[in-house]
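Worksheet: the structure to be examined is printed underneath.
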Amino acid sequence: MQFDPFVIPFNIGLYFILIYAVVRSVIWFNDLSRPDKLRLQRGFFGKTFGQSIKEIFLESLIHRKILKSNPRLGYMHMSLAFGWFLLILFGTIEADVFGAHHLNAPYKSIFFKFFNPEHGRAGFEAAYSFLMDLILAFILSGLLLAVIKRFSSKVVGMKKTTKLRVLDKVALTSLWLIFPSRLLAESFTSGAYGTGSFLTGSLGSVLASFLPAQEMAYPFWWLYSLSLGTFFILLPLTRYMHIPTELFLIFARNSGIKTGDQPGAFREIQIYSCSSCGICIDACQLNFSAGITNIQSAYLMKGIRNNENVSDIAFNCLMCGRCDQKCPVGIELTPLRMLSRRAGETVESEQTILKKYFPDRKSVLPARPAADPSYTFLKQYEPAKTDVIYFAGCMTHLTPAIKNSMVAILEASGVRYNFLDEMGGVCCGRPLMLAGQDREARELINHNSQLIWKSGAHTLVTSCPICYKVFKESYYLDVEVLHHSQFIKNMIEDGSLKLNFLRRKVTYHAPCELGRGSGVYDEPKDVLRYVARLQETGFEDKNSLCCGGSLGNIKISSRQKSMIAHDVAAELTKDNPDILATSCPLCKKTLAAATTTKVADISEIVADAIIKPAIKKKLTEPAGKVKMQADFQN
Amino acid sequence: MKIEGKKAIWKDYQKEIAEDKFYYVRSCVRQNFFPGSETAFLRIMRDVLKKDVFENPCHTTCTGIGYHGDIVPVETTMTVVARQFALMTESGYENLLPSCITSFGLYTEILDTWHHFPEVEEKIRKQLRKATGREFKVPKNLAHASDVIYKFRKEISAKAKYRLINKNTGEPLKVVDHIGCHYAKMFPSKGVGGAEYPYVLAGMVEEWGGQVIDYPERRHCCGFGFRQYLIQANRGFSIACSKEKFESMKPYKPDMIITNCPGCPMFLDRWQYVINEMEGKTYGADGEGIPVFTYEEVAGLVLGFDPWDLGLQMHQTDCEPLLRKIGIEYDPEAKYVLNGVNTNVNASTYLEVR
Amino acid sequence: MDRFGFSISKGRQIDYDANSRHIAEFISEREPSFRVCIECGCCSATCTTGNFTSFSLRELQILMKRGENEKVRENIKKCMLCGKCTLVCPRGVNTRNVVTLARQAFQKFPANAV
Amino acid sequence: MNKHVVVIGGGVAGMEAAGQLRKTGFEVSLFEKEEKPGGHLNKWYKLFPDRRPSSEVKEYLDNITSGEGIKIITGKTIEKIVQNKNQFHISDKEGSEYTADAVIVATGFDLFKSARKEEYGYGIYDNVITSADLEEMFRKGSITLVNGRTPETIGIVHCVGSRDEKMGNLYCSKLCCVTAVKQAIEIREHLPSAKVFCFYMDMRMGGAYYEELYREAQEEWGVNFIRGKVSEVSESINNRLVIKSEDTLAGKPLKMLVDMLVLMAGMEMSEEGLKLGDSSGLKRGDNRFFSPADHHFGSNKSNLKGIYYAGTCTMPMNITETISHARAAVMDVIEYLKES
C-alpha cells in the first residue's frame, strides 16, 4: 500500500507550512537592514553556526532554561518538543529501514504503522516498536501536564498562565488531538494485526477484545492526519508560530543582531518567537506585588501579534528588565516595549485572513507626528573649565544627603571638579525616552552635551543611574561616564580617598537602570565591601528587584508603587541589616518610605567613612572665652 | 425670584431724606452730557413739588473725578468739599442735595471718615480756615437728587400725564434700572434699598407704571470708571463693561434703561452706537437700540414735559420709538429747533442706533 | 477700529459653561488621580522646567479643569517628564501620566475642535 | 437629699450632660425651648465623616436621658439665672421659677441667618438654599428645584457667615467644610448625573477622617473644588443662578450657571444664649460665644461659680467634641458640689 486519501490533509498542511516558513523567512531576511543582513549571512555561514545549532537543540528542543527555572514546566515543554522531534527522527529512520523504499515521502514515516501494519512482530522490529511507543508515551505524559496546566496552572509550578484567543484554542485542540489520535489509530491497527509494543500493543489488544479494531482504526488515522493538517495550517496565526520563528531568532541573535531603536524585521521575529509560556508573568513584580496581571511582556507580544492597541500595556511597566533576564527564548522584551512606547497610541484594526498570514510590515508602527521643538527656552552658557563634571541629576536634588555626600567625596578626593547642575540642571532626557518621546529627549541631550563639551572635562560622574544609562548610551561624548559608585571605587583604588571601615551590616539593592540596565553590578558592592559588612540578599545582580519607584512606569498609582516598595524592602531587610544600601536617589527615596531600616545611598555611607585629615592645632590658640564663642557659632 | 425677599431687604435699607429746603449742587459733567436733566430736576422740584431749592453760583467741582482718577490727593479733596459745605452754611441751608452720584459718594465717604477720625475733620477745618477764612457746619441731611425724586415719586405719579405703559398693548414697559456705583456700593446703608437690590430707581419705575427687570449683570459697572474711559488706551475695557451689561439684559427685551449717575447714561447711550459701528450689534427689540434716560428725564416725561425741553435730542440712541410706545405727544420736526432755527447740521444720519 | 482708536476688550473671565473640558475629561478617565490635586504647588516648586520658565504644572492642571486649554496647549510641551513632581506630590497624583495624556489629548483634539 | 442640677438646653451637649449627671446620682432638670429635645440633631439627616444616621446619636441621647432622675421640661426658654448663696434661681420666659444647686448652660448655637449675605439672595432667588434646607431634602429623599425639576448642576458655597468681617464673625465655624464635602457626596449619591462644585476659601479638614472624606469626594464622586468664594449671585432669564467667583488658583475670575446653590451657613451664638448670658452676667467673648474661664484648663467654667458651660455655646464644635465637653462639664459640677 503506497497511498491512502486520509494522508491528504496532512500533506496539504505539511507542504503549506514548509512553503510558508520559507516565504516568511525570505520576507524577514529582506526586511532586515543591510548591516543586519550581512551579520546574518556571516553568522549563518560562519563559526556561530555550530553555536546556533547547539542552542536550538538545548533551548528549542530540550528547553534547558525553562527546565532550570521550573523543572515541571520544562519537562512539559521538553516532552512535547523534544519528544515530537524524536518521534519524527525515529519515524523517518523506521520508514527508511523497515519500509519498502528508502527516502520516503514524509507521510510514509508519519503514518508508518498504517502502511506497515504487520511491522514489529519480533526481534529488532519489536525493539524498535518499543522505542517508538516509549517516545509516544513521553510525549503523552507532557501532553497530560499541558492539559492539566490549562485547568490548574499550579501543577506545573506557575502562578499565571496566558489567556487564549479562539484561533489559539482551535490550534491547541488540534495539537492536543494529534498524539491521542495517533495513539488510538496505532493501537487499533496494532490490535487488528496483533502487533505493537507495550503501549499501542497492549491498548490495541484490549480495544480489539470488544471493538471491531480493523474498522475503528481507519477513522482515527483520518483524525490524526486532520489534526496535523489543521495544526500546520493554523500555526502561523497562533502562538505556535514561535516554533519555526525561534529557529530564525536563534540564528539572527547569534549573528549579533539587536533590537535597536527602530522597528524592523528583528522586532517581528522576536514577537513571533514568544511562546506565551508565561515565565515573564511570574517574574514581574507588578504581578506579584501590585496585583497587575494583564500587562506583562507575554501579553504585549500577543497584543502586537493580534494588532491590538497596546499603548496602555506598553506604558504600564517598570522597565526593570527582570523579564528579559528570565525569558527562555531570550527575547529583548524591554527594548521591544520601548519600540511600542515610541509609537505612541496605535490604532486597532480588523485584519483580513491574508493580512493575518502576512502582516502589513510598514503600518505596524506609525511614526509620531513631527512637532516644533519643545525646549527652545533653554539657553547655553559657558561652564567653568574642569577635569571632572559632577551631574547630580534631577532626582538627586530631592535627596540632598546624596548630593552633599558626593560633594564631600569629591572634595576629599582632591579632583578638580565642577558641579554642573548645582543650581538645578536640565533633565538628562532618559525620562522622556522612557515615555517614548525620543525627539524631545534629543533636544535635552544636545543641550547637556554642549555644556559638557564646553567644560573640557575628561570624566563625567553622575549620582543617578537613570542619567548614567542615557549618558552612556545616547550621548555622544568624549568623556568617561561614571556612576558615582564607579568613581568612588576608582578613587579608593588609586588612594585618593581614605576610608574607615564602618562596622555595619549592609544589604545592597541594585537599581534596575544601573544593574540590569547598564551592567554595573560589581563596583557598588566592591565599594560597600570596602567600608562595611555586605550581606547577600538572594536577589543579587540579574535577579535583583525593582524598588517600584521606576520612572519607566507612568501608569501605576502611588499606592501600587508603594506596595512594590514594601515587598522589596521586606525582602532586602529580612536579615536585619543596619543599612539598606542602594546607589540610586529614586530607589533610596522609594525604599526609605517603605521600611524602618535606614536606607542610604553608597555615597552617604562612604562620606561617613571618610578619614578626615587631622586638623593641625595652632600654637597660639585663643583663650577659652573666644573658643566658646567659636563653638557656639558652630 | 421671590419679591417678598426683596421687600424685606428694602425695609432694612430706608434712609432719612429731607422734606424741603435743599441746597442743590450740580454735577461737573452732566451739564455737558445731558444738560436738560438738571434743569428738569429744578423745574420738577420748584414748579411741580413747590420745594425750596437753592443754588450757589460759587460752587465748584468736588474733585471726584480727580480723586477717583488718582490725581487729587484726599486731603485736597476734603478741603475742597469743606469749602462746598462752607458755601452751604453761608447760604443758610443744611440739606445737601448733590446732582452727581460721585459727589454724593464722596461726600458720604468724607463725612464717614470725619465721623471715625474727628482729628482729620479738625485738620481740614484748619486748612480751610487758612486757605479761605471760611467755617462750615457738616450737612444735617445728605441725599442724592434721585433719593428726593424717589421720596416724592408718589406725588409725581399723582400729577403724571403719562405712565410707563405700552400704549398699544397696555403692558407695563420693561425697564432696566442702572444705579451708579458710587451711590451705595461704598456705603450700602446710605442708599435706598441698599447695594445689592437698590430700590431708589425701581421704586420710581414701579410707581410710574413700569416693570423693573432683574438681569444677571445688574450690578455691573457701566464702564465709565474714570481711569477706564479717560485714558484712550483703556477705553476697550470701558466699552467691554457696557457690552457685558447689554448682552446680559438683551434676552429680557428691555424697553428702556433708567439711570441715576452722570456717567452711566452717557456710556450706556454712546457705547450702543460704538458697538453698533464696530460689530453691527444692537440690543433692543426689533434691532433698535435701548433708549437710556436719566431719572429726571423719565420723571419729566411722565409729567408731560416736552421731550425736546428735556434734551432728549442729545441722546445718541434714538428715543422717539419709545415716546411713540408710551404715546407721548411731541413734534418730531421740532427736535433740533432752537429759538426757531434748525440746529441739526449734518448729524442725524448716524446718531441713531436702529 | 481706526476711527475710535480702541477696540472692545476681551474679558479674562472663565466662562465655565461656554468652555469645553474635553481635555480634562480625557485625562481624568485615564488617570483618575488627576482629580485629587489640591493645588498645593509642590509640583511647580520642584519643577526642572520651572527653574527656567514660568511653566507651572499646577496652573496648567487647573486651567484644563476649567476648560481654558489654549495656554496649556502652548506650554505643556515644555515639561521634561523628569518626574520630580510625581515624587513630591502629597496627593499621589501621577503627574507624569497627566502630562503625557495631556500631550496625547492635544494631539488628538486640534485647537479648533471642541 | 440629692443635689439638684439644672441643664439649660436640650441639644447634644445638654442631653449628654444630663445623662452623665444622672449616672452620678444627681437630680437633673433639663430645659429645652423646643417641643422635643435633640436640638440641631433633629434636623440633620446623616453625620460626617462616616455618614451614620443622626437618629442613631439621637437614640443614644434619648436612652441616657430617659427614666428616673431626669426631668425633661420642653417648650420652656430660660431667661435668667440668679445666684443666692448656694442656690440658683432660674426663671423662664413665662416667669416660672426653678431652683438648683448647680447649673450647666448648654444653649448651643444658631445657624447663621443666610439672608444677611444679601449678595447670595437667600430668600430672594428660588433655588438658593442652606445646608440645613438640603438636609431637609435628604430626609425627604428628594432634591428638587422650586419648579419640581431635578438640579443638574449644584454649587456649594463654604464659609457663609464665617470668617467674614462684614458679618461680624471673624472665627471659623469649623464644621461647614466637612459638611459641604459630606453633602456634596450625598448629592452625588442621590443624583448620580449631577455635577457638584464647592467654592471654598480654605479646606479646613481638621477632624478625624475629614481629609479622607475630602479625597473620597474628589476621587470617587468627582466633586469639583474651586478655590474662591462666590461673591455675587443673580438669576438668569431661565431661572438658573449665575454665580461669580474668582478661581484664585487659576488666577482668573469665573462665571458659572448652576441650578441650585447651597450655602454652608456657619455657627453663631444662639439668641437665647445671648439673652440668658446678658441677663445673668455671664461673660462673652468678641465672637459673642460664652467666654470660658480658661481656654486650656477651664473650658467648662464660667465666670460664676456653680454655672458651667457645655458644648457649642462656647465655640463651634462637632458632636464628638460636644459630648466630650459635656462630660467635662459634669466633672466640674461634681467637684463644685463636693466643695459646697
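To keep things simple, chains are lettered A, B, C and D as they appear, and every chain counts its residues starting from 1.
Just so we're on the same page, a contact is a pair of C-beta atoms (placed from the backbone, for glycine too) under 8 Å apart; a residue touches a chain by one contact, two chains touch by 3 or more.
A quick note: this is a predicted structure, and the numbers were derived from the prediction, not measured.
> What's the minimum number of touch steps needed to get from subunit A to subunit B?
So the least number of steps between the two chains is 2.
> Where centres are the averaged C-alpha coordinates, which chain has the largest centre distance to subunit C?
B
> By C-alpha centroid distance to the whole-protein centroid, which chain wins?
Nearest to the common C-alpha centre lies chain C.
> Averaging over Cα atoms per chain, report the distance between subunit C and subunit D in Å.
Distance between chain centres, rounded to whole Å: 39 Å.
> Calculate how many whole Å lie between the centre of subunit B and the centre of subunit C, each centre taken as the average of the chain's C-alpha atoms.
Centre-to-centre distance between subunit B and subunit C: 45 Å.
> Can you work out the whole-Å distance between the CA centroids of subunit A and subunit D?
Averaging C-alpha atoms per chain gives centres 63 Å apart.
> At least two other chains touched by the same residue of subunit B: list those residues.
none
> Mind pulling the subunit C residues that touch 2 or more other chains?
In subunit C, residues 33 touch at least two other chains, as defined above.
> Any chance you could list the residues of subunit A touching two or more other chains?
Counting only residues that touch two or more other chains, subunit A contributes none.
> If I apply the definition of touch given earlier, which pairs of chains qualify?
Pairs flagged as touching, ordered by label: A-C, B-C, B-D, C-D.
> Under the stated contact criterion, what part of subunit B meets subunit C in this complex?
232-237, 239-240, 243-244, 274-275, 277-279
> Quick one: in the complex, what on subunit C touches subunit D?
12-17, 28, 32-33, 35-36, 38-39, 58-59, 62-63, 65-66, 68, 91
> Going by the contact rule at the top, pick out the subunit A residues touching subunit C in the complex.
It is residues 315, 344-345, 369, 371-372, 374-375, 377-379, 394-395, 397-398, 423-427, 429, 431-432, 434-435, 437, 440, 444, 549, 551, 554-559, 586, 589 of subunit A that touch subunit C.
> Looking at the complex, which residues from subunit D come into contact with subunit B?
115, 118-119, 121-126, 232, 234-237, 242
> In their shared complex, at which residues does subunit C touch subunit A?
Residue list for subunit C touching subunit A: 33, 46, 48-49, 51-53, 77-78, 80-84, 86-89, 92, 94, 96-97, 100, 104, 107.
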